[in-house]
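Note that the chains take the letters A, B, C and D in the order they are written out, and that residue 1 is the start of every chain.
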Amino acid sequence: MSKQTIVEYATRLGDDALILGHRLSEWCSNGPFLEEDIATINTSLDYIGRARMFLSYAAELEGAGRTEDDLAYTRDCRDFKNLLINELPRGDFAFTTVRQFLVDAFNLFFFEALVGSTDTQLAAIAAKSVKESRYHLRRSRDWMLRLGDGTEESHRRTQTALDDLWGYTDELFHMDPLESELLDTGVAVDRAAVRLRWEPLVTELIDAATLQLPQPYTLPGGGRQGVHTEHLGHLLAELQFVQRAYPGLQW
Amino acid sequence: MSKQTIVEYATRLGDDALILGHRLSEWCSNGPFLEEDIATINTSLDYIGRARMFLSYAAELEGAGRTEDDLAYTRDCRDFKNLLINELPRGDFAFTTVRQFLVDAFNLFFFEALVGSTDTQLAAIAAKSVKESRYHLRRSRDWMLRLGDGTEESHRRTQTALDDLWGYTDELFHMDPLESELLDTGVAVDRAAVRLRWEPLVTELIDAATLQLPQPYTLPGGGRQGVHTEHLGHLLAELQFVQRAYPGLQW
Amino acid sequence: MAQRQTEQDLERRFQARVDAEEKIEPKDWMPAAYRKTLIRQISQHAHSEVVGMQPEGNWITRAPSLRRKAVLLAKVQDEAGHGLYLYSAAETLGTTREELVEALHRGKAKYSSIFNYPTLTWADIGAVGWLVDGAAIINQVALQRTSYGPYARAMIRICKEESFHQRQGYEIMLALAKGSAQQKAMAQDALNRFWWPSLMMFGPNDDESPNSAQSMKWKIKRKSNDQLRQEFVDQTVPQIEVLGLELPDPKLRWNEARGHYDFGAIDWEEFYRVIKGNGPCNRQRLQHHIKAERDGDWVREAMRAYEDKRRGREAA
Amino acid sequence: MAQRQTEQDLERRFQARVDAEEKIEPKDWMPAAYRKTLIRQISQHAHSEVVGMQPEGNWITRAPSLRRKAVLLAKVQDEAGHGLYLYSAAETLGTTREELVEALHRGKAKYSSIFNYPTLTWADIGAVGWLVDGAAIINQVALQRTSYGPYARAMIRICKEESFHQRQGYEIMLALAKGSAQQKAMAQDALNRFWWPSLMMFGPNDDESPNSAQSMKWKIKRKSNDQLRQEFVDQTVPQIEVLGLELPDPKLRWNEARGHYDFGAIDWEEFYRVIKGNGPCNRQRLQHHIKAERDGDWVREAMRAYEDKRRGREAA
């Protein structure tokens, strides 16, 4: 179990947080009302902070003199390893809410498990992330209920978002050889076990929100192999512009 | 009248064409129907072609070994010299139509005048651009009539677009010292004279389209000094990404 | 009896004309199944041209040079034009573009599933131009001799432009393959991702494709899927070698006895998953096409309203 | 007579309380004009905090390092929070946030016109943080002693965070000014473009500002526009020297006799043009704010509908 596999694992978790943090930050000044703008920026801040911790750990462990910013600003989309659900455009408030709910529920159980990692740095980041995810999940559950069981229009938009997002949830639970190897050594989390906790919570809340569980379908993953949607490239063009246009400087 | 002033003049005209060409190209596969998609892509092609002629002439005249691509892909927004009306986001079909109509009408008269430039290269580009602008203007006039005098909704959208765009038209006719100097030597066009032809055509068509001439107001120009709207930076992050991420290569 | 009799006569005379390589024209009698197959095939081809504008359109704003941007814009414009020809060819069979697009939106009609793969890098635009247009040309050259007149004529016209597009795609790959290490890696990566989907463009194996035989009998289809696929492989492997890129399939090897390249097994499970709608971009492509139409509703309504007013004014 | 009498008594007793530096609280009697001036001033301040999220939000997605991105996100979040305090402070005067936002959308209420200038480069975020928050602090420090209690308390709380923001803005300028030639030029360019608009933030000259005098009498406003402006200049010029940037105004010079920096004339024609609505971003800011609210209509309706259902269930 080489150090390099933990570098890869930390990079994956860092990219997940960075890319979703970016999508959340796009809501700034665009929220349905001021209090919600503040809450969404706050969630974005948690994700960007988490991304910094994972990416700086990956860079440090890699030992090639790279920094969290080198990872965030100088890799092209084929070298990013985030799961596809995180990179999808923010869509309307229903799409952002449903995505956040599906990911918050996953993150709560995932980080609760990661707290037990044999890698102390990952466990420490996980401990902070559990607290954040608990708070995020409480918020996104409330919003799922308000939108699902609100008006005809909010119900329709939320059901559409759920149907569009459902195919991307499978990738959350996929264990590839790298993570299976790290699971055996107690570093990584068993995503299949997370699914056992995730599914009942999600199906129960979908029901409470008077929504239909989507017809099961699965879209190809690929995020861990750098095979992304067409959206990530446009996101990175925006995120990386200043470091690309003025390379090798301090900011 | 140094060569450098003609380089600047050609760069201005090249940036005008490049940035509007980019906005038009964003309609690709997003048009209201297939024939319109084709026509808008065609207009975008004309503008990109025109931009290449002006920018390669500017680069050649500058004699510093730069190319049309160096100008297009390695300048940041403060060094771009396009007029602001060209960089505004494409908006809905009404906004794109009204902008195109206002700019097509200007371009027809501007390039008809530029054909008489003492600079043979500028005159040659102008000759080609006149033919294109005549065709573009015929198309945008037809659309102004259809949208202005179509349905209540198309009328409302078109009037809103006209009101939002009107403040940006003044910059089309502003003569700064550089262009005044070039006017004296027969190189540049007298934009004030263009206004005398532009205004009647525009006011008459606005009336025919049952639209109201907006309350006159003027927004600060700044494009010629590199003082742009916040939209240009985001546009350039997209346009320039590949050359910024993989600098100094042939494509 | 009599009625069925003439039906059989008509059918026999129709088949004789097809066998004699005569072109069937819109006004000629044709079996209902022939018309239905043609409408399905021509509309699928038209939808493919139009949906294909999305993956290529994805890189117009980021094309890495102004020349490449202009070339790509012109290519996508041509493809939209091909879509128009093909919709008109289909309309000669008594359907309307609105009906065909409606079927596309309801998931009833298909488009070439190669466009359900994302264009992730600029090299993908090279690969799509080179491989996808290459496969399309092989398909369309055969279709130039299809029995239905309007479709054959459309194919002749489209083929000219497609080969031009293919050369432009290959030119992009050449520039990348001969460029920096990063550019070469980008080209290899695009080849690796688009190789198998390009082979899948030719459809299921002959023994698997249900309506192939009948189409061959009606000379709608002049060569079988496997024949066309083999032609594509044989044409493309030497081009890969010129590029100096690694073969994307370890089993790709020249078979002297067969006089063709052997290649590995196609992952038909992925083929059917993508056809069923679960490829990477199926939903995105369809939602994009539907949104463009919906956003244009008010524009088309305004056109109609203006036309009515104008006609009203002229009549008055 | 009697009625007017008590009105004058109330007014006299109110002015005596103000002169005695007592805080006026929501439930206390206050002249209608005092209430009106406060609502206008507090709501303008609240709108400024909220509209100010746009020019800074413009760079969150392009912040050049993750640390800067986090710091900028936190700053914009604080400003949104300031907006909330101030709307609540205004509501203690009997208005509602909806009414105040409605007035903003109809162009009846204003926000600080510095936010009608575009943030074109990352250095602009440094300049906005350093100069705009710097000017805001000078205004707000004075307002901590404003006569109206809720407004004063809001100012005390906001000022702490503003000075933290100002330091962050200055830190960006420092990093750029000490960086590469391009970075230093970017910082100089931002300073040049935001210098005069920052001076304009303090409003017209004293002899020009209509309601200044009355506000001073009511101790809503504790220092005049020109005094505050001079404080800002005196505070900022030394900071420019530490940055090693050129002074953005050739007339800026220390005046030993006055004990202040002299500076050139402000372009009041531009000041009034921007206030009237014809600055670079006036329309954009307002349309952006209106669009965010409109896009959120269905969300707020869903919240209300859900609340009603819940209350209905609980009552049953």
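Some notes on this structure:
Convention: a residue touches a chain if its C-beta (ideal position, glycine included) is under 8 Å from a C-beta of that chain, and two chains touch if they have at least 3 such contacts.
Chain-to-protein mapping (UniProt): A, B = Phenylacetate-CoA oxygenase subunit PaaC; C, D = 1,2-phenylacetyl-CoA epoxidase subunit A.
It should be emphasised that the depicted structure is a prediction, and the values quoted were computed from it without experimental measurement.
Note on interfaces B-C and B-D: more C-beta pairs are in contact across B-C.
Farthest chain from chain C, judged by C-alpha centroids: D. In whole angstrom, the spacing between the mean C-alpha positions of chain A and chain D is 36. Chain C and chain D have Cα centroids lying 58 Å from one another. Residue positions of chain C touching 2 or more other chains: 62.
Touching of two or more other chains is recorded for residues 76, 233, 237-238, 241 of chain A. Contacts between chains form some other arrangement here, matching none of path, ring, star or all-to-all.
Counting only pairs that meet the touch rule, the chains in contact are A-B, A-C, A-D, B-C, B-D.
Those residues of chain A whose C-beta lies close enough to touch chain B in the complex are 76, 233-234, 236-238, 240-241, 244-245, 247. Residues 55, 58, 62, 118-121, 189, 193, 273, 277-281, 283-284, 287 of chain D are the ones that touch chain B when the two sit in their complex. Residues 76-78, 164, 167, 217-220, 222, 227-230, 232-233, 237 of chain A touch chain C in their complex.
For chain B in complex with chain C, the touching residues are 18, 22, 25-26, 28-38, 41-42, 44-45, 48-49, 51-52, 55, 68-69, 72-73, 92-93, 145-147, 149-151, 153-154, 157, 238-239, 241-243, 246, 249-251. Of all the residues in chain C, the ones that touch chain B in their complex are 50, 53-54, 57, 60-70, 73-74, 76-77, 80-81, 83-84, 87, 122, 172, 175, 179-180, 182-183, 288-289, 292-293, 295-303, 305-306, 309.
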